[in-house]
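Notes to accompany the following structure.
Letters A, B, C, D and E mark the chains as written, and numbering starts fresh at 1 in each.
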Amino acid sequence: MPLLSILIWLPIAAAIVLAFFPKTAVTAIKGWGLFSSAAVFVISLGLLRGWDDARAGFQFVERKAWIPQWGINYALGIDGISLWLVLLTTFLTPIIFLSAWNAIHKHPKEYVISFLIMETAMIGAFIATDLILFYVFFELMLLPMYLVIGVWGGANRIYAAIKFFLFTIAGSLLMLLGIIYLGFQSYHQTGIPTFDITQLYGTHLPAYAQMLLFFAFSLAFAIKVPLFPLHTWLPDAHVEAPTGGSIILAGVMLKMGTYGFLRFVLPFFPESSVKYAPLMITLSVIGIIYGALVAWVQPDMKKLVAYSSVSHLGFCVLGIFAMNETAITGSILQMVNHGISTGALFLLVGVVYERRHTRLLADYGGLGRAMPVYATFFVIAVLSSVGLPGLNGFVGEFLILAGSFKAAPTATVIAATGVILAAIYLLWLVQKVFFGPVTNEENRNVPDIAWNEIAAMVPLVILMVWIGVHPGTFLRKMEPSVKHLLTTIQRTDGKIMVASSAGFQPAVSRASSPRRQDAGATAGKMPALQVAHGVILSREDGEGSSGVPPEKILRSAQDDTAAEVSR
Amino acid sequence: MIQPLLEPGWQWAILPEIILCGGGMLLILFDAFLPRAKSALAPLALLVFIATSWAENLFIQGGTFFGGTYEISGITMIFDLTFLLAGMLALLFARDYLDREGIEGGEFYALLMWGTVGMMMMAKGLDLLIVVLGLEILSICIFVLVGYHRRLPVSNEASLKYFLMGAFATGFILYGTALFYGATQSTNITAMGQWFASGGQATPLLTVAFVLLMSGFGFKLALAPFHPWAPDVYQGAPTPVAGWLSVAPKAATLIALVRLFDAMDPVLPKVNWMTMVAALSILSMVIGNLVAIVQRDLKRMLAYSGIAHVGYMMIAMLTLREDSVAAVAVYTITYALMNIGAFGVVSLLVKNQNDPQTLDDIAGMGFRRKFYAFALALCMFSLAGLPPTAGFISKFYIFRTAIESGHTIVALIGILTSIVSVYYYLRVVYYLYMKEPAEGHEVMQAGGVFAAGALTIAIAGILAIGLYPTPLFQAAGTAARVLLQQ
Amino acid sequence: MIPTHYFLILSAILFTIGVVGVLTRKNGITIFMSIELMVNAVNLTFLAYARQFHQVHGVIFVFFIMAIAAAEAAVGLAIFITLFHHRDTIDVDEANLMHW
Amino acid sequence: MEFAIFFFFAAVAVIFSLVVVLHRNPVVGALSLVAAFFALAVMYVLLEAPFLAALQVIVYAGAIMVLFLFVIMLLNLQHMTEPVTRPLQQFLGYTAGGAFGLGLIYYLLKYGVFEKLPDGPFHASARVIGKAMFEAYVFPFEMVSILLLAAIVGALFMSGRSYKREAAR
Amino acid sequence: MLNSLWLIPIIPFAGFLLNGLIGKRAGKTFVTAVAILASLGAAVAGTIAVVEYNAHYHHGERHIDFVYQWFNVGGAPNGAGGIGADISFQLDPLSIVMLMVVTWIGFLIHLYSVGYMHDDEGYWRYFAYLNLFLSAMLILILGSSYLFMFVGWEGVGLCSYLLIGFYYQTDYAPPAGKKAFVVNRIGDFGFLIAMFLMFAYIGSVDFAEVSQTAARGGVPPEILTAIGLLLFLGAAGKSAQIPLHVWLPDAMAGPTPVSALIHAATMVTAGVYMVARSNVLYRLSPNAMMVVALIGAVTALFAATIGLRQFDIKKVLAYSTVSQLGFMFIGVGVGAFSAGVFHLVTHAFFKACLFLGSGSVIHAMSGEQDIRRMGGLRSKIPITFWTFLIATIAIAGFPPLAGFFSKDEILASAWSTPYFPGVGKFIYILGTLAAFCTAFYMYRLVYMTFYGDFRGTHEQEHHLHESPATMTVPLIILAALSVVGGLLGLPHVIGHNFLAEWLHPAIPEVAGAHREIHIDSNVEWLVMGISTLIALAGWFVAMRLYRTRGLASDEKFEQRSPAVARAIENKWYVDELYGATVAGPLESLSRFFWRGVDAVIDGIAALLGYVVRAFGDIMRFFQTGNVRNYALMFFLGVVVFMVFFA
């Protein structure tokens, strides 16, 4: 059974069916949206049933010729990297419909349709294993989002929508050029035209071209993430978008960027990735701190959460460019976490916005008395976003930081201060909204959270706790794919090992060459491994680092320090 | 004794032309003798067009006729079908438009058909004589069609402008042809090709000839800097005509150019002619997109975007390869669908054409005239080159060929300018869906069945090509191969 | 027998004069006459080459060009008449309803 | 002898065409254009194309120019004079035109000169032309009919009778 | 029980869930029952576990109860060297001590709260939080690895946040809670980095593995020092040591029992526990130890000085807590880990007693906390008075009460620490001064509160009443404990130091490091003598100043040296300093980022747009609408191309 195709096309089909509903039958429309998206979610759970934990490569693979002339296929596949993102997508969509049950009064039909189309696009982008197919979905998701922001958005929605669209399209069009060039290169080397990701891996590119392509791709994804200097579209888009739009935008769409880095940038351009990892890491660290600081002084709840997204996704990018298993696994998990917790936060902000039609912190205060249940949910969401152990946020952040600490200690230490800042701005938010005496009379008797909103929140909270308490469920399925990814990067060049263990002399120096080989499979985690065994080693065969010629250690040490300096 | 130089099967070869010519005359007579039965004209015309397309498919095996001056091949068939498609769409939109404006007449459809004949001649002519002749037939028809709405000063003014510029440009084309004739001792494209192939030298004089020729064709293509007529003419012309005008003649000129460039192929490495073409394309992309941004009149905006699109097509012409020819073919078909579609929706605006049809006229239509708005939006997305529309596929094709033949810089400029273009295409969507219309300002009316049908065709085509272009690619690819081999 | 390029140069001159006429005159009909002049210059070139190459082709071409010119004249003049109906002048500078 | 004729009529053609371009009165322009066409006809004769010369006189000088004059009279523009406006346009027109012409002549002299003239006379007589017309060029010849038909229909339509009625609507 | 240690934290957690979910509707009795049972259950289960432990192990081995693998990423197939931790609980002498203290005192305070919080609308919420705290604390002390410990570590932080902000509708409580959480976060930052270092250089965060690897010399010394310092940063955050002490005084905004449980007896001592837990690392890097000890000493004195002049009864106790925590850190810092833990225990007794007592006072004074409005309560609330007095004597360090022995052992070890003898002496002096201050301000508190005549309003006086049994019973128990608690660790010159012996296995033999501080008897006697005198002196001075004169002497002091007085009242302006140096600049920086940098970025984007538009407008200008101009453009194009290309 072509599960993935079903996943892609079911929402579209539902949307088409919906197009024939009478626009007056609002309840029917919403119900249909909810039902169909829920159905998609249930079906997507089938992925877990048929999942093979051991397989590193793509599973549920489908492949049909689409444009054979150019070797473009309708090729679908899913692996540990994309699995949870897909599930996140299918999981969030029904929640959106649920949360927006009473929120959307204007053109509900078109609203639901656009979200269904968006779901298709997002799932497609995650499971497309053909570069062009990916691009098609990648762009396709812009249109509905543009409409969602522009039609159902707030006061300044037009500006936000166009800004969002132009920023994104600017990046992705340049990426398109890069894609074409990449396919052209591989065509000239292999003689077979193809845009199949796995076959494009290891396309050898001249250094200069690789650099250009790296930036072409990175720009597109960095805008999407968004990485520090390119982030300004995000707050506007979030503030103006309707609740559902914000949830999808933060929950899934931003992940396209990080996912793109993982799936394309790293394996396609390993050397450049290593070369410019310091740059990317620096940017992400700046983003972490910057986003947190700016979030702290926002007068608008949604803007605050939006900037917090900048900060959180900075962690993801940091983990990706640390390029070792721990960090990458962490950042994949963190993508999911961020989707859940920030999604929840946006949902909750939307809830209170529905009731009070303001998002300014100044207008709130003492809300906890009127809406205790709501407050509880909010605090839980905040805590998971702060990264409280036992909730989802912690595991991801911890893995990222611990992993990238090996690659870039200084950067990591700086990034870790983001953990403090997160506490500052999020608790500030909670305090401003819920605590303190009731200053504004309108807050005295706001109706508490409604059934549909509770129904939307409960699954989110359950997931938060689940990931926090037993992340193994999720990590186990990622691990092989991540290892595989790292070998893909590895295959091209050994430099990466050095780079990813930069600023880490003692560990490297304690490494004994045979271990370097077998552990070479997974780049970054080596040092830890060697430390772990280093001592035992030294007991077994006297001086453990006998295998390594000293000058090599020296060199690695040197360019490590170099990396440090450049950072 | 006179023996007309007629190869066997010639009557089949030019069957489409014959049908169209005859059809045109019949329609005129019909209108003349049964002035009451105007409503039957459009269906009849449609019938003629359909018959022609059917005739196209009748004649399978290609070949050259009339002493090697007239070629029938896959590519000509594709382009003929493009012309016919354009003609049909224009006709369908025109039906409602003319009916509304109360100026329906047999002449209109007749001229449409004869113009199509002219284009077919441009597409098939292997002799510059035929090409020029076709071009003239086309021009004559356009002069009249543009000025067809005689009551309107703008329409008349448009036809005046187009006429003067057109005649002017014709002068240059002719002069260029003459100079080529002087160099190659023939105006037959194949002969010219042989002359070039047999080491014919390209003197600067020939370059001048090329410049003159390009300027003339550039005029028809509305390539910058030969473009300035386009916005005015599109604005003034009856909207369906404008749509047709923005597509069909360009297609015809392109295929003629393809033949020429193909003939010149041997000499091109030695001369900088393609640099000029590149310059033209870059200029067009830049000027077209940048000026389109500041337009509020829909038709002018589309005109400028059209200029830009020709720029994109010229990218593919820079190096003539199977791919590029196929790309041009695909692009023209796509462009026909989306541009005529867009103009068609505009043609539904009930408004005195003397005043511009601005964005405000479509404000808030998104949720009133759902179908038309959706069609327009789709056309816009396609024009902007966003997947999953045909526009994306064809643009992708163009840039792919560009990169493969190493014109990365031009491609880059193309990409950058198309980023710019996204802005104004989206602005249309924004007016459609996100803006509330001014009170009592309801200019988009529910068009008749014809317009609806045309839009359906356009939408279907855009999506079909966008989602599954393979068959089209195959056809175009083989056709191009055939074209470039002989 | 007169060398061919004499004719070519003559036609070039005439063509240029025609072009200048188009560019500098406002009277639509004069402009059109200048265009006719250009076309005739082209004819001259064709004929010159035709004689040079001993080809009837060029001559035929000229013949067709004449037909084209005639057709253009017919339509063009009709257009001018309509223009005149609209605004009692054929000064093309007056035709400026549409710009920018 | 030939040369004398050539230069004389070349001068005539040039001068009269200059008059066309420069003289402010369209009627004068039209008439001088006729003169220029005559001169050209002579050139055709020199080029051994008597048939075309005849056509030139009949079609151009005859039909087309008469049409022009007719229109001019119809719209009685004969008294219309145009003041010189748009100096920049004028200036650019002349300079650019001059540059273009000079360049053209330069290139023609440099590359367009044929060393050897064709040996033997070349008679593009009516017979030759007619034969070619109906053998090799039958298709374009037929197409010309469509061209002319379109032109006629168009002309009729544009300046047609029903115009006023429509306008009335 | 041993193999289901996880039950111990789960029981109170269940209580939390029950109360949290249905407590509001279920009513007070239900809530009370659940809460009390939960805490009692935890205590009992813990005790059983301890008993079983004693039955199984005789040399203080480490018992591990592995539940499941939390996460472990990037390791070899066998998981070695991976980053992650197990959900597994451990039992060893150290955690047993903590376990007993936490569970039983926790239980007592639950009991007390029943009375204290009785007519609070947030009753259910309160007990839910309290249970949650209990379970988090238990995770903290039972966790078998730094990472799992960190879970409890943050958990208690959260609970303290929630409980400090318990009166969320006031305007002072929520900020205090936020402050507590954020400052703790700063500490946690250090903790995190320390763990990263462990993963990087040791490859594990399991207590045993870390200690063994370190002991094996598998870790470069500078790294050890770094780890030690970073861990101490965490500890300082949790245990309110300079410079992170600022949150604890504000934390008094919470209900008094909370202050007793969290901010005196258990949570704040977590830092001490962690340092003791990491004793191997510390003993291997004396520098880190010295820092710990010094900071402890400075904090002890500093806080004590502030305590000298506070008028909020709870604030006084808060500062004394900070100061006492300083003592504990001196202990663990100079290498006398058992001493530090010993003081931790005793302090838990008497400080809990003091806080509860103050709570009872406040209860009696119907919410009044300012000692300037109290006085003469001795007769009104005798039980409270006596228990309070006992605890005071204990904390002031009068022999033979608990405080005396623990503090004395610490000071003695400080004096004779082998790691940094010179500094040790200095620390001793600081500690002694702090001890003096402690004695002084504690007696001041007692005299101001219970002696003299009543200074409050009439209705307050009218309401005065002894607290209910649920409150007094815990007081009595704790008072008794603070009397006899000293017996746990008698100095060897007098008797037998049970605690030291008990903890001995938790402080393993490490090459090149001392296992315990050897104090020779003269020093022992000397120190004991001195501290006794100090305590007496403090009492004497306080009595002279406050017994009869009460408030007057404070005013006198204010008149004599107003600057100092105000400085002390304002806690030496530390908060203001932080505000000016950290918070303020940071905020303005953020505003600059937001208003400035973002604006610039947007500006650049907008600028591009404008440039494009401008170009458009310029080119559009050529579209004059005049056909001759078009012809000219056309022709110019031709000419230009001719010039260029021909």
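Everything that follows uses one rule, which is that a contact is a pair of C-beta atoms (placed from the backbone, for glycine too) under 8 Å apart; a residue touches a chain by one contact, two chains touch by 3 or more.
As the structure is a computational prediction, the values presented were derived from the model and not from experiment.
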Those chains which touch chain C and also touch chain B: D, E
Least step count from chain A to chain C, where 1 means the two chains touch: 2
Pair of chains joined by more contacts [C-beta pairs], A-B or A-E: A-E
Most central chain, Cα average position: A
Longest centre-to-centre distance from chain E, chain (CA-based): D
Length of the line joining the C-alpha centres of chain C and chain D, rounded to whole Å: 5
Chain C and chain E: spacing of chain centres that average the CA atoms, whole Å: 98
Computed distance of Cα centres, chain E from chain D, in Å: 104
Gap in Å, rounded to a whole number, between the CA centres of chain D and chain B: 30
Residues of chain E whose C-beta touches two or more other chains: 620, 623, 625, 627-629, 631-632, 635-636, 638, 642, 646
Touching two or more other chains - residues of chain C: 8, 15, 18-19, 22-23, 26, 31-32, 52-53, 57, 60, 64, 68, 71-72, 75, 79-80, 82, 92-93, 95, 97-99
Two or more partner chains touched - positions in chain B: 129, 133, 136, 140, 143-144, 147, 150, 159-161, 164, 168, 182, 204-205, 208, 231-232, 423
Pairs of chains found to touch, sorted by chain label: A-B, A-E, B-C, B-D, B-E, C-D, C-E, D-E
Contact footprint of chain E on chain C as seen in their complex: 19, 22-23, 26, 31, 92-93, 95-100
Complex contacts: residues of chain E adjacent to chain C: 620-621, 623-628, 631-632, 635
Residues of chain D defined as touching chain C within the complex: 2-3, 6, 10, 13-14, 17-18, 20-21, 26, 29-30, 33, 36-37, 40, 43-44, 46-49, 51-52, 55-56, 59-60, 63-64, 67-68, 71-72, 74-75, 77, 80, 82, 85-86, 89-90, 92-94, 96-98, 100-101, 104-105, 108-109, 112-114, 117-118, 120, 122, 124, 128-129, 132-133, 137, 140, 144, 147-148, 150-152, 154-159, 163
Contact footprint of chain E on chain A as seen in their complex: 163, 167, 229-230, 232, 235, 290, 293-294, 296-298, 324-326, 329-330, 366, 368-369, 383, 388-390, 394-395, 398-399, 401-403, 405-406, 409, 412-413, 416-417, 419-420, 423-424, 427-428, 431, 434-438, 470-472, 475, 479, 504, 506-507, 519, 522, 524-525, 527-535
Residues of chain E touching chain B in the complex: 609, 612-613, 615-617, 619-620, 622-623, 625, 627, 629-631, 633-634, 636-638, 641-642, 644-646
